[in-house]
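These notes open a run of structures that come right after.
In what comes next, chain A is part of two complexes: it sits with chain B in the first one and with chain C in the second one.
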Partner chain A sequence: MSLTKAILDLRAILGKENVVTAKEDLLCYSFDATAGMPEHLPDVLVTPLSVKQVAEVVKVANRYKLPVYPRGSGTNLSGGTVPIRGGIVLSLLKMNKILEVDPENFVAIVQPGVIIQTLNTTVAAYGLIYPPDPGSMATATMGGSVAECSGGLRGLKYGVTRDYVMGLEVVLANGDVVRFGGKTVKNVTAYDMVRLFTGSEGTLGIITEIIVRLIPAPEARKTMLASFKDLTSAGNSILGIIQSKVIPATMEIMDRVTMETVENHAHVGLPTGAEAILLVEVDGIPEVVRREAATVRKVITRNGGTVKAAADDRERDQLWAARRAALPALAQKRPTTILEDATVPRSKITDMLLAIQDIGRRYKLTIGAFGHAGDGNLHPTILTDARDSEEMERVHQAVDEIFKAALAMGGTLSGEHGIGMAKARYLPWEFGEKGVQLLQKIKEALDPGCILNPGKLIPRGEGQV
Partner chain B sequence: MSHYHDLSAVEEQITSCMRCGNCQAACPYYRETGSESSVARGRIRLARAVLTGELKYTPALAERFECLTCYACNATCPCGVKIDKVLLAARAAMVREGGTPALKKLMAIALKNQRLLDLGFKTTARAKGLFLKPHPAGGLSPRFPLGLELRRVVPPLSPKPFRGQVRESVPVPGAGKKVAFFTGCLNNYVYPSTSHAVVEALTKSNVSVLIPREQHCCGAPLVINGVIDVAEEMARSHVDLFSGLGIDALVVACGTCGESFKRKYVDLLDGAPGYANRARELAAKTYDIGDFVCNVAPFDRKRLREVAMKVTYHEPCHLGRGLGVTAEPVEIIRSIPGLDFIPLKEPNRCCGNAGSFSFTHYDVSYNILKRKLTDVAGTGAETVITGCGACRMQLEDGIAQEGLGKKVFHTAEILALALR
Partner chain C sequence: MSLTKAILDLRAILGKENVVTAKEDLLCYSFDATAGMPEHLPDVLVTPLSVKQVAEVVKVANRYKLPVYPRGSGTNLSGGTVPIRGGIVLSLLKMNKILEVDPENFVAIVQPGVIIQTLNTTVAAYGLIYPPDPGSMATATMGGSVAECSGGLRGLKYGVTRDYVMGLEVVLANGDVVRFGGKTVKNVTAYDMVRLFTGSEGTLGIITEIIVRLIPAPEARKTMLASFKDLTSAGNSILGIIQSKVIPATMEIMDRVTMETVENHAHVGLPTGAEAILLVEVDGIPEVVRREAATVRKVITRNGGTVKAAADDRERDQLWAARRAALPALAQKRPTTILEDATVPRSKITDMLLAIQDIGRRYKLTIGAFGHAGDGNLHPTILTDARDSEEMERVHQAVDEIFKAALAMGGTLSGEHGIGMAKARYLPWEFGEKGVQLLQKIKEALDPGCILNPGKLIPRGEGQV
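And now, the complex of A and B:
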């Protein structure tokens, strides 16, 4: 059996303890945080300790034609780590060292298994932050978040993961190790390979080292909760705030369905009865924060909203807890939670919110919408029951319509969760046939044997031309 | 049927896990292993597999359900999944399917038969010169491998257990309340000074104390390891013993024991004729000593003398997250004049002891302990106060091995000291 041989080879490279084949363990790697995805058992789980070992594992995979599924903490929301064709799950969790914090260049160098929060705690000692802050930052790895190009709650002002990745070390599909980028702010040497691999979802190479940019921590912040009687005033406020030249760190929205669910679930004192709420946080130099907070307040009041500012850290934490409770609360309401990630230009946020409401009505579905409103990145969340095939049929149609609506407004299929398995079939809608062919050519060039995360991102052919 | 008798009782808990992985950040066990099969998300999946028949009992599967039982995952789960119930139910299911493993069997016999345990401990105490050699830092280390790691420091056993040292009734004339004190194993056999302190703190708070000699292990180590039938017998015997005493309260000095009376007996005896109601009544009367002297029979603050000591407080998992007693021990510490209290960064992070888990997974347990000791060292405190004998044993082990030269006391001991 070639699998038996492959496992022996892997043991020789990694030692017995880092090669796991017990079904009791493998079952725990057959899924990730994505709801409604098929599960699949891997044949073996490996946990390399060095880039050399990663390269050796990839060579074994080539030798025995086994797929390789890179995995961080398995918190992605697009089925990205499900080993849908079996083979090897390659966990990067034991490559978890912060190799360097360079306070002179505002740079840190990390291994992929470092948890985002750990990096932030470490650089806080230097008065610095690593801004990308997905809701999962206490669990998600740097490798996984670079591979997904994760966004987060502060994306509006600070951008997303790709804006902070300066250099990468990558193990390619043939086991070669390459490095791109570095500590310099400027770098136009050849193609921008760093960006190619950032967001590549483990389909082009395995990231083994990451150089990231850091920025000074903001000195002050002010958090406000605004409630609105209708979606349009909430949407107008979002635009109004930015048009008055204030860019909040965070501008999160929750619609009525989400809010009521959160309130029922967590009793955090959200204003039920409102049609939408915004959670706005401005940060920076204290005087500027004061001025910006006043502007935000003015714009919201002008649009008929009411504002409540957090008086202290405890109240701020409460507001944030409410925001973080959004998804879990929605997930409790029905057995299946389909979370989407459609994103539109900011100016279209009201249209998109209304479109989602309309789609919910037409397909008789409960859809909660919340998300990073300032980025136009909404998370329409359909509450349903996978066991009800008639309802699921309507769910699929509604999802199709949500994507169509987003694309028609000049938006995109995914703002931050990635394509993975969940959205692969929609790719032609956004890229067109020629665009998808280009993606396939890139995949083919970098991974001709299609061993890296097969079944994800690229539809059907998966790179095999 | 409770979750101890039927895994399907936790089906709803299993389905409400949304697989977000948030529990990873809280789980001390996962932090050491990085394995999905040692964190709630993965193990809930395994429990589902047992429920659907996808996986059958194997020793390896049973082992996957073992952990610190520290409830940190429960506290962090955004979906409110009662993960402890899932794990305990799965462990019980494993024992039902696969029988009790040898080590656990031994433990079950010893714990069930109080006389045997007394004998066992006494024999060991008498024969300790043979098996144990004094450790330079105090305490004893085994001379021969006794199934534990060699480096583990075992505290000296009391030559005479606490319950053999005191009368069964310690009345206070004109007492406001009458309570029974459930000592628990460690406070009886290893730390009688804690038990003495509990009685002292209670009597000085105008409370009469009964210490029934027939009490025995609460059974928590068995429930935690899935050995339900024996635990159930022990629950019955305690309900019989304590229900008939006409007491206002049952006081414990250990979160784990407290949980047995407050929750486990109620579930174990759910629907048991003649027992279910009495178990519930007893549960409603059960208090940790810290809770009791703060909220029920308040200790006399004016009587507190100065105790000059730099201290910190470690919150036992089963006392804090288990019984919800978090503020009271700190309140006691803060009320004692002269105590310089420096909180830990993470007071409620597990110390790694977790009973028998620390024997079977010594390295993991010790690594978790080391993180706790780093936190302790960071405070500069010379004394660690805690509310649990098992935590104390663990902390003392690490302090001795790392040569930190710190002392550990139970909250009740510090209070008694200040009341003297």
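And now, the complex of A and C:
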């Protein structure tokens, strides 16, 4: 049997200890952090230790026509790592070295298994930061984060993962190892391969080394909590702050449903009577922080909100812990949490919040909304129960309507979670048939046998095995 | 004859006035701003007025197997717009409308023929800027600039074109019209098509609409001129400034050859006795500018340089005019100016400057070096005479050595000018054979007939007509 032969080949390459086939061990690789996704057992789990081994595994996969599912910590929220067609799960967790921190060029070179937070802790010693900060940064890997092009709370001021990836080493579907980019701030040599692979969700190649840009850590920061009697005032404040030419490091919103849930869960003194709160943090040199904080306060007050500034680091940490508790707190209320990341232009944030409320009402669903208000990246979160098929039908319809609303406002299906399995069927709504055909052509050109993460990103079509 | 038929078809689509075939009119489309490139007459010049017309032209090109050479103002420096295989030059200069300035979302939507400076003048009324500022910004078009992924003087702090393109409308090689991205700050929906087409040099599609991000204009700025007795002190100052966590908006270097040429040309009082000068500009709110200027001054003095700050706008403008005169001033000295943009990691800037000096000495050539020191993006400029074949032989060898030196230092072939015809043959040095094969696969997938800007970017191979 060819699977048995493939496993023998894999053992010869990786050693017995790095090839796992026991069902009980494979079980936790049959799903990822995404709720409501189909699950599937892989045939085998491999944990290579070098790019050479990754390339050899890919060659075995080609030989036996087995899918390869690259995986970091599996924290993605689009079903991106589920081995939906079986085959090989290729875990990069053992390739977890920080290869270099170069403080002269503000650059770090890491293997894909490095945890984002570990990188940040390491570069902090040089007064530097790696800005992308997805909610999962304490467990998510750099490889997964680059493959998904993660966003995070600081995206408004500092941008997202693609803005920090300077170079990549990638194993292609045919086992070729290629390298692009490097330590230079500017690079326009040939097509932008660094950014084609960043966010390609493991469907075009397997990332085996990453060169990232670092920036100086801000010297000071100020965190403020603003509460509002209605969504519109919160939305107008968001716009007003940006119009005043202040770009906060973070500007997060929570609606009443989310906030009350968090408060019941965490008891940090959130103003539960309010209809919405904003959490705003400005950073930079102290003079800038003082000035920008004053502007933020003025704009919020003018819009009828009340502002409270964190007096010290303890209060600041408490506020951010509350924000980071939004998803886990919501998730406790019902058995299933469907988290989306429909994103709209900043000017449409109020419209989108109101649309989500309306959709929740019409489909009789509890939908909490929170997220990165400054960049229009909301997280409408439907609390439901996957075992209740009648309710799930309404959930699917509501999700459809959320995406339709976002696209009608000039938005996008995904601000930071990617497409994966969760949103592939919506892709033609945003890209059109011709746009999807273009994606398929690229996939076919780079992975003609469709062995890399099949069943993801590209809607099922001729190009998809 | 099929060309005659094609021209009839083009006239039917565009009207007689937008289809030019007179040789005297075609002559100025046979070359571009790049020196030392082969020239070639196109068969016909078309100036479409709409995306629909562009798509129709591409369909005609397919029907008659004619190459299509998209063109803005032709200011590129890699031979990117030369119609080296004849056929159709498709000028986008008549599609030159600013379609929208959206001050709420800090976004502008433009047609490809809009001049970069025109966009900046327009958005200035809203207190916003479009940061990419290639030397040619007064004549270069947005379409050309996105197709080439232009850099510029402000790249160090503000990034390059790819950091500002949020969305594109593109006509593909088969005439399909596709759109990606939009006004949202975050977007990870499917492969990063916006950045694949940005910098693709017209070889994958024709850009017909561009959505760009704008940022608030800095409130204040300070420009300083520093002079040094040797290159190493200048290089150490560049590193020292960045190590102090100051990221200037611009940090430009000129070596002695360049500076003396500029001074003889422009008489602005540059310190011609010095071995190198740095032009540094910091910007931001006044408190930041004050503080950062003090740091810059301290670092330069510590490294043995002398600093002079521009007292007023007039002096500032004079300094920048001197910098912008570097290339034209050098170009006056000899009949032919070969301008390169080999780029190294910032920490290698001194090594690279010394390597260029050494190469100039060994090949008995006058090479001026200037450029964007803060981001390692140098412009070694060889002054020569294309009619002197013996000297040109030495020029080609020197250019080879410059690229080898840059790559050996972890640099790249092109920081901001692109590959075009000028550097295609060097591509395997940076990408390797397998990397080049990957580029060819993408080109073949998107343009199987190789009708879009053939003869550019991709080294000649099976994939290239």
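Rule of thumb we're sticking to: the second predicted complex is superposed on the first by the 462 of 465 C-alpha atoms of A that agree within 3 Å, B and C clash if a C-alpha of one lies under 4 Å from a C-alpha of the other, contacts with A are read in each partner's own complex, and residues count from 1 in each chain.
One rule holds in what follows: a residue touches a chain if its C-beta (ideal position, glycine included) is under 8 Å from a C-beta of that chain, and two chains touch if they have at least 3 such contacts.
Because the structure is a prediction, the values reported are computed rather than measured.
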{"item": "Contacts of A:Ser200 with chain B and chain C, given as first, second, both or neither", "value": "second"}
{"item": "Which of chain B and chain C A:Leu27 touches, first, second, both or neither", "value": "first"}
{"item": "Partner chain(s) touched by A:Gly432 [first = chain B, second = chain C, both, neither]", "value": "second"}
{"item": "Residue contacts with chain A in the superposition, chain B compared against chain C", "value": "C"}
{"item": "Partner chain(s) touched by A:Arg346 [first = chain B, second = chain C, both, neither]", "value": "second"}
{"item": "First, second, both or neither for A:Val57, with chain B first and chain C second", "value": "neither"}
{"item": "First (chain B), second (chain C), both or neither touched by A:Ala35", "value": "first"}
{"item": "Touching partner for A:Ile247 - first (chain B), second (chain C), both, neither", "value": "second"}
{"item": "Partner chain(s) touched by A:Glu416 [first = chain B, second = chain C, both, neither]", "value": "second"}
{"item": "Doubly contacted chain A residues - partners chain C and chain B", "value": "none"}
{"item": "Partner chain A, residues of chain C touching it in the complex", "value": "102-107, 127, 148-149, 151, 155-156, 159-160, 162-163, 172, 176-193, 195-196, 198-200, 204, 216, 239, 242-243, 245, 247, 284-285, 287-288, 291, 343-347, 372, 375-377, 410-419, 423, 427, 430-432, 434-435, 437-439, 441-442, 444-446, 457"}
{"item": "Residues of chain A that touch chain B when the two form their complex", "value": "20, 22-25, 27-35, 47, 73-75, 91, 93-94, 115, 117, 136, 138-139, 324-325, 327-329, 331-332, 335, 337"}
{"item": "Residues of chain B touching chain A in the complex", "value": "15-16, 18-22, 24-25, 34-37, 41-43, 45-46, 49, 54-55, 58, 60-61, 64, 78-80"}
